[in-house]
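Read the structure below first, then the notes.
All chains are identified by letter, namely A, B, C and D, in their written order; residue positions are counted from 1 within each chain.
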Amino acid sequence: ASIVLVQTASGKAFQAALTASELAGDPTKVPGVPPGALGTRSPFEKPVKVFSETSSRTPLQDLQGMLTPSDLHYERHHGGVPAIDPTKHELVIHGMVDKPMVFTVADLKRFPSVSRIAFLECSGNYRGAGDGKIRPQEICGLTSQSEWTGVALSTLFREVGVSPKASWFLAEGGDAAVMTRSVPVHKGWDDAIIAYAQNGEAIRPEQGYPVRLFLPGWEGNANVKWLRRIELADAPFMTREETSKYTEAVGGGKIRQFSFTMDARSIITYPSYPAKVEKGWIEIRGIAWSGRGKVVRVEVSTDAGKTWHNAALQEPVLDKAIAAFRYLWNWDGNPTEIMSRTVDETGYVQPFLKQLVAARGGNMGYHFNPVTAWYLQQDGQVLFKST
Amino acid sequence: ASIVLVQTASGKAFQAALTASELAGDPTKVPGVPPGALGTRSPFEKPVKVFSETSSRTPLQDLQGMLTPSDLHYERHHGGVPAIDPTKHELVIHGMVDKPMVFTVADLKRFPSVSRIAFLECSGNYRGAGDGKIRPQEICGLTSQSEWTGVALSTLFREVGVSPKASWFLAEGGDAAVMTRSVPVHKGWDDAIIAYAQNGEAIRPEQGYPVRLFLPGWEGNANVKWLRRIELADAPFMTREETSKYTEAVGGGKIRQFSFTMDARSIITYPSYPAKVEKGWIEIRGIAWSGRGKVVRVEVSTDAGKTWHNAALQEPVLDKAIAAFRYLWNWDGNPTEIMSRTVDETGYVQPFLKQLVAARGGNMGYHFNPVTAWYLQQDGQVLFKST
Amino acid sequence: SLADTLSQPARFGFGRPATEAEIAMLDIDVRPDGQGLPTGEGNAAEGKAIYALKCAGCHGATGTEGPNDRLVVGDTIKGARRIRAIGNYWPHATTVFDYIRRAMPFNQPGSLTDREVYGLTAYLLHANGLWDGKVALNAKNLPTIKMPARDKFVPDDRTDGPEIK
Amino acid sequence: SLADTLSQPARFGFGRPATEAEIAMLDIDVRPDGQGLPTGEGNAAEGKAIYALKCAGCHGATGTEGPNDRLVVGDTIKGARRIRAIGNYWPHATTVFDYIRRAMPFNQPGSLTDREVYGLTAYLLHANGLWDGKVALNAKNLPTIKMPARDKFVPDDRTDGPEIK
C-alpha cells in the first residue's frame, strides 16, 4: 500500500488502508452477500436444457455424479405444462374396484410414503450425427434422475379394493393432452408410486406437479404426469400413445406394443463432443442405467471395442437407477475410439447400433439404446461415432 | 354446452364448442407452457430458508426423503457469499510438501473424481422454545444433504508429496472472512474431498463455488468454502474459529477444542409444529444421521419415551448421510409425546437434552444433538418439547 | 409392493367415496369394444366441414400435408413403409374418437362436442378409405370398423433377459 | 483414501508449481509460535485511535458494549462465566493479530496495514489487561504473551464410541 496519512477523530495520523485499486477484484476484500431465503446458481454456470416444441434435454455433459438438478430434468409433454392448483387437484380411482374413491393431494400425503432414487427416460431417446458434432445432451438427454417420494400404488389399490380380475389400469393426466396410458395391474402392485415429491421438495410442474405416476424402469411416457384418474379394467384401453406412438416396427411387418422396460444403457459424458483433450491421464466418466434392475458392470473400451475394461461404479448402485462410472486411462495421443457398455443383473449387454437395427428387422424407432462411441482425433477433438 | 350454431367457411352450420365459462379453470382445456431451458417451481409451493445475518436454515418440515434441493441447503458464512470468477480462482497447496503447487479449477476437474451423498451440519445447530412454538427448521435446520463430487484430497496430497511429518493442515477460504480452520492430516488421507459439484451441477455460491473442502461427518465450519489455500504443518494453527468459536465448555472449567465429529441425531419432521393432526393412522416421518458412520436404527416412542419401536429406514442407508425414517402409528387421540432417537454403528444412542447438559457440566453450546419431542395436544396441535 | 401393503391396516380411511356423477364427468375414455362412447352421431360430410375449419391449418387440407402429424394415408396406402397414418398404422377406430375428443384441436383441447367428434372421426376414417361417406358414425358401428393395421401389433415379447430384441 | 491413491499413477502432472512469491502473497496466517508475523510494530495508543475510528462502531467504545462480539473482558474478568472475550477465552495472542488482519473491519476486510494490526492487537490485549500500554508489539514479543484461557483448552476426547460426552 502506498503510504497515506489519515487524520483520525482523536487527531492522530495513521497509515491509510489499501487503496481501492489494490482491492479491486479480490473477493477477500469485499463483504459478500448475506444469507438468504433461497440459494442461487453462479452466474458463471449456465447449464441449460436444449428444447424443442415437444421436449427438452438434460445437459448430461455438464453434470457429475448420479443426480439431476430438478430444473435440468428432461421434459417431454404432449400438451404443455398445466398450471395446477394443488388444493383443487384430485385423483379418482374407479372401475374394477370395490370402493371408487377420490383422493386430494393432502389425502395422498397422509398414506405411508416411499422414496427411491431412480431414473426416468423417454423411450424416444436416441439421436446420432453424421459429422460427429453432437453432444450427450442431444444423443440421449431425455434421461434424468431424481429421488421420488410418494405413496405406493399398492397401498391405494388396497384402499379401494382392486378386483382380482383387473389386469390393466388406465392412467390419465390433467394436462391439455389429457394424457392416457394403459399399464398392467401387476406393475401397480409391484413398485409403482403415486409421486408428489422430487429431490426432497414438491414435484416440479414440468415433472407432473402435484402428482404423477412413477413406474420404476419403465418408459417415460407411461409415467403419466399431473395424474387425475386411474381406471381399473380387464384389458388395455388402446390409447393413441400406445398405438400410434410409443410402438416400434420390429421386422416382418410387425409392430411391438407395450414395450415398457427401458433396456440397459450408458454414455460416456467426459470426454465427449465438443471437448478437446490432451494426451496423458484422462478420467473417462459417464452414466449407466437399466430399467431391468441393477447395473452390475460397465465396460469401457479405449481401442474401438477390441478390448474392454471394467469401470469403477459409484456407490450406491441402485435398482433401476443411474450409476456414475469412471475409468482412468492414459491416452498416448494416437487417434482412437472410446466407448462404454452396461451389463445389468439380467445378463443383458448393451448392444451396438448395428445389432439393434438387425434385431428389429432393419428398423429404427423407440427403445434404441446403442453403445455410443467417441472418436478422439490426433488434435484432441472428440467426435461422436455411431456403432 | 349450450347449442350455438357456427357458420363455417364452407357455409355449413355446426354446434359450437364449449363456452369459455365452461372451460374456465380447467387445465385440460388450455394448452400448457411448452418445454423450456430450465424447469420451474410451482407458484403454489414456496419452500424458503429462514435467514438471519449469519445463517439460513433448511425448511426440514417441508421436505421428503433424504435430499435437500440445492437452493434450500443451509447457509452459514462469516463474511457473506463472495462472487468468484472460476477462471481466476486457484487452489495453492504448500507448506510441508515436496512440490508446492497451484491448481486451477479446470486442473482439479481433470484428476480422478469421487462422489458421495452426505450430510453437512453446522455444529451450532440446536434451538428450543419455551412455548413449544418452533419448527424443525428453527430447531436444527442447519443441516442439509447433497451429492458431492470432487477430487479426493488424498489424490492431491500425493500429487504435491505431503511430508510424512505433516500432522495438520490449514484450509483457507477466498471469502471476506478468509475463513481458516486447522484439520488433522489423517482426515485428508481418509475421505476429505475438494468438491466442485453438488447434486450433479457446479457447487452453488452459498456452498462454496467454485471449490470447497468437504469433510464427511465433520462439523460444517471446518468444511471450508471457496477454498483457495491449503498449508501443511506439524501443529494446528489455532485460528479464531477453532478457539474463540466452535469450542464448547464441558465442565470443570475446561473448553473442548477440535470437536470435529457430528454425533448421531434425528428429528421427526412430520408431525411437527405448526401441523395439526387427526386421530387415526399417522405416518411419523423424519430424518436421522450420524457423523460417525451409518445409522443402524432409529427408534420412535409414541408414549413420551416409555417404550421404543424401530422405524423403517429408507434405503440406501449411507455412511455419514441422512437417512429418512418412517413409523406408522395409530393415534387414539389422547395427548402424548412422540420422539425419535438415532443409534449409529458405533453403538452411540442419541441422548436426551438433560443427559447432554449433565455430561457437559451443565453447559450448553456447540455439538448439541438432543432427542426432540413433539407434544400432541387433545385438539391435534403439535408443539415442541425439550427433553 | 403387495407384501408391504399386507403389513398395513386394511384401510386407512383417507379420501372420500367417488360418486357416480363425479366419475362420469371425468370418465371420457373410449375402449376398443366401444365402452365409453357417448350417444349421438355424426357423418363424414359434417366432419369434413369442421375439419376444414378447425384442423386443416395444422394437418393439411386433406390430412396428408401437415405441418403436424399426417392423418390420412392417401394414395400410398399400400406403398411407402414410412407413412404412419390412421389408415395404415392405427389398430383401433375407437382410438380416433378418444384422442380427438380429449386432445384436439391442439390449441383448444376438449372444446369439441360429441357430435363434432363423431363427425370428424367419420371424416378421417372415410378419408382413409375405412368408412362410408354417408353413414353416420355412432356408438354401435364405430367399434365394428376393421382397421388395416390391427394384426400388425404384437405385445412386447422381450423377456427382460440377455437377448437383444 | 490413501489406499485408493496408491492404485493411481504417482503423479498426474496437472497444475503448476507454486512460486515462493505467489505463496507469500497468500500466506497470511500467523501461528501460535509467531510464524507468519510480519516485520514492523505498533503500540496500544496507536491502536486505540484506530479502534475508535474503525472498530468502536461495531464493538463499542471500550470493546465491551457491542453490538457485535465483545472483545474486552472488562471488570468482570474473574466473575461472570458467560462473558467470552479475548482476555478470558482466547488461548493464543497470535490469533488476535491473525484474525484482525484477515477479517476486520467487517465492512472492509483486509484493508488494514500490518502496522495498524499490530497497534490494534496491542490495544485490545492492553484493554484486556494482558499487555503494557507503552511497549510496541512486534513479531518477537507477541507470541510470548501468556493468555489466561490457555490451559482451559483440551482437545476433543470423545472416542466416537457410545459414551455421551
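Observations
Just so it is clear, a contact is a pair of C-beta atoms (placed from the backbone, for glycine too) under 8 Å apart; a residue touches a chain by one contact, two chains touch by 3 or more.
Model, not experiment: these values are computed from the prediction.
For the pairs A-D and B-D, the larger set of C-beta contacts lies at B-D.
Measuring from the averaged C-alpha position of subunit A to that of subunit D gives a distance of 49 Å. Distance from the subunit A centre to the subunit B centre is 23 Å, each centre being the mean of its Cα atoms. If you average the Cα atoms of subunit C and of subunit D, the two centres end up 76 Å apart. Look at where the CA atoms of subunit B average out and do the same for subunit D: the two points lie 30 Å apart.
Within subunit A, residues 28-31, 79, 110-112, 176, 178, 281, 328 each touch two or more of the remaining chains.
In subunit C, 8, 12, 14, 102, 106, 109-110 are the positions where the chain touches two or more neighbouring chains simultaneously. If the chains shown are joined wherever they touch, the resulting network has some other arrangement, not a path, ring, star or complete graph. Here the chains touching each other pair up as A-B, A-C, A-D, B-C, B-D.
Within the complex formed with subunit B, the subunit D residues making contact are 1-2, 4-5, 8, 10-12, 14-18, 22-23, 26-29, 31-32, 84, 86, 89-92, 94-95, 98-99, 102-103, 106, 109-110, 149, 152-158, 160-165. Residue ranges on subunit B touching subunit D, taken from their complex, read 78-79, 92-94, 99-104, 107-108, 110-112, 152, 154-155, 157-159, 170, 172, 176-178, 180, 189-191, 228-229, 231, 233, 235, 237-240, 243-244, 247, 250, 253-261, 263, 292, 346-349, 351, 355-356, 359-360. Those residues of subunit A lying in contact with subunit D across their complex are 1, 8-10, 12, 14-18, 23, 26, 28-31, 280-281, 328, 330.
On the side of subunit C, the complex with subunit B involves touching residues 8-9, 12-14, 46, 48-50, 52-53, 102, 106-113, 115-116.
On the side of subunit B, the complex with subunit A involves touching residues 25, 27-45, 47-56, 62-73, 75-77, 79-88, 110-116, 147, 149, 174-176, 178, 196-197, 199-202, 204-207, 209-210, 226, 281-283, 285, 314-316, 318, 324, 326, 328.
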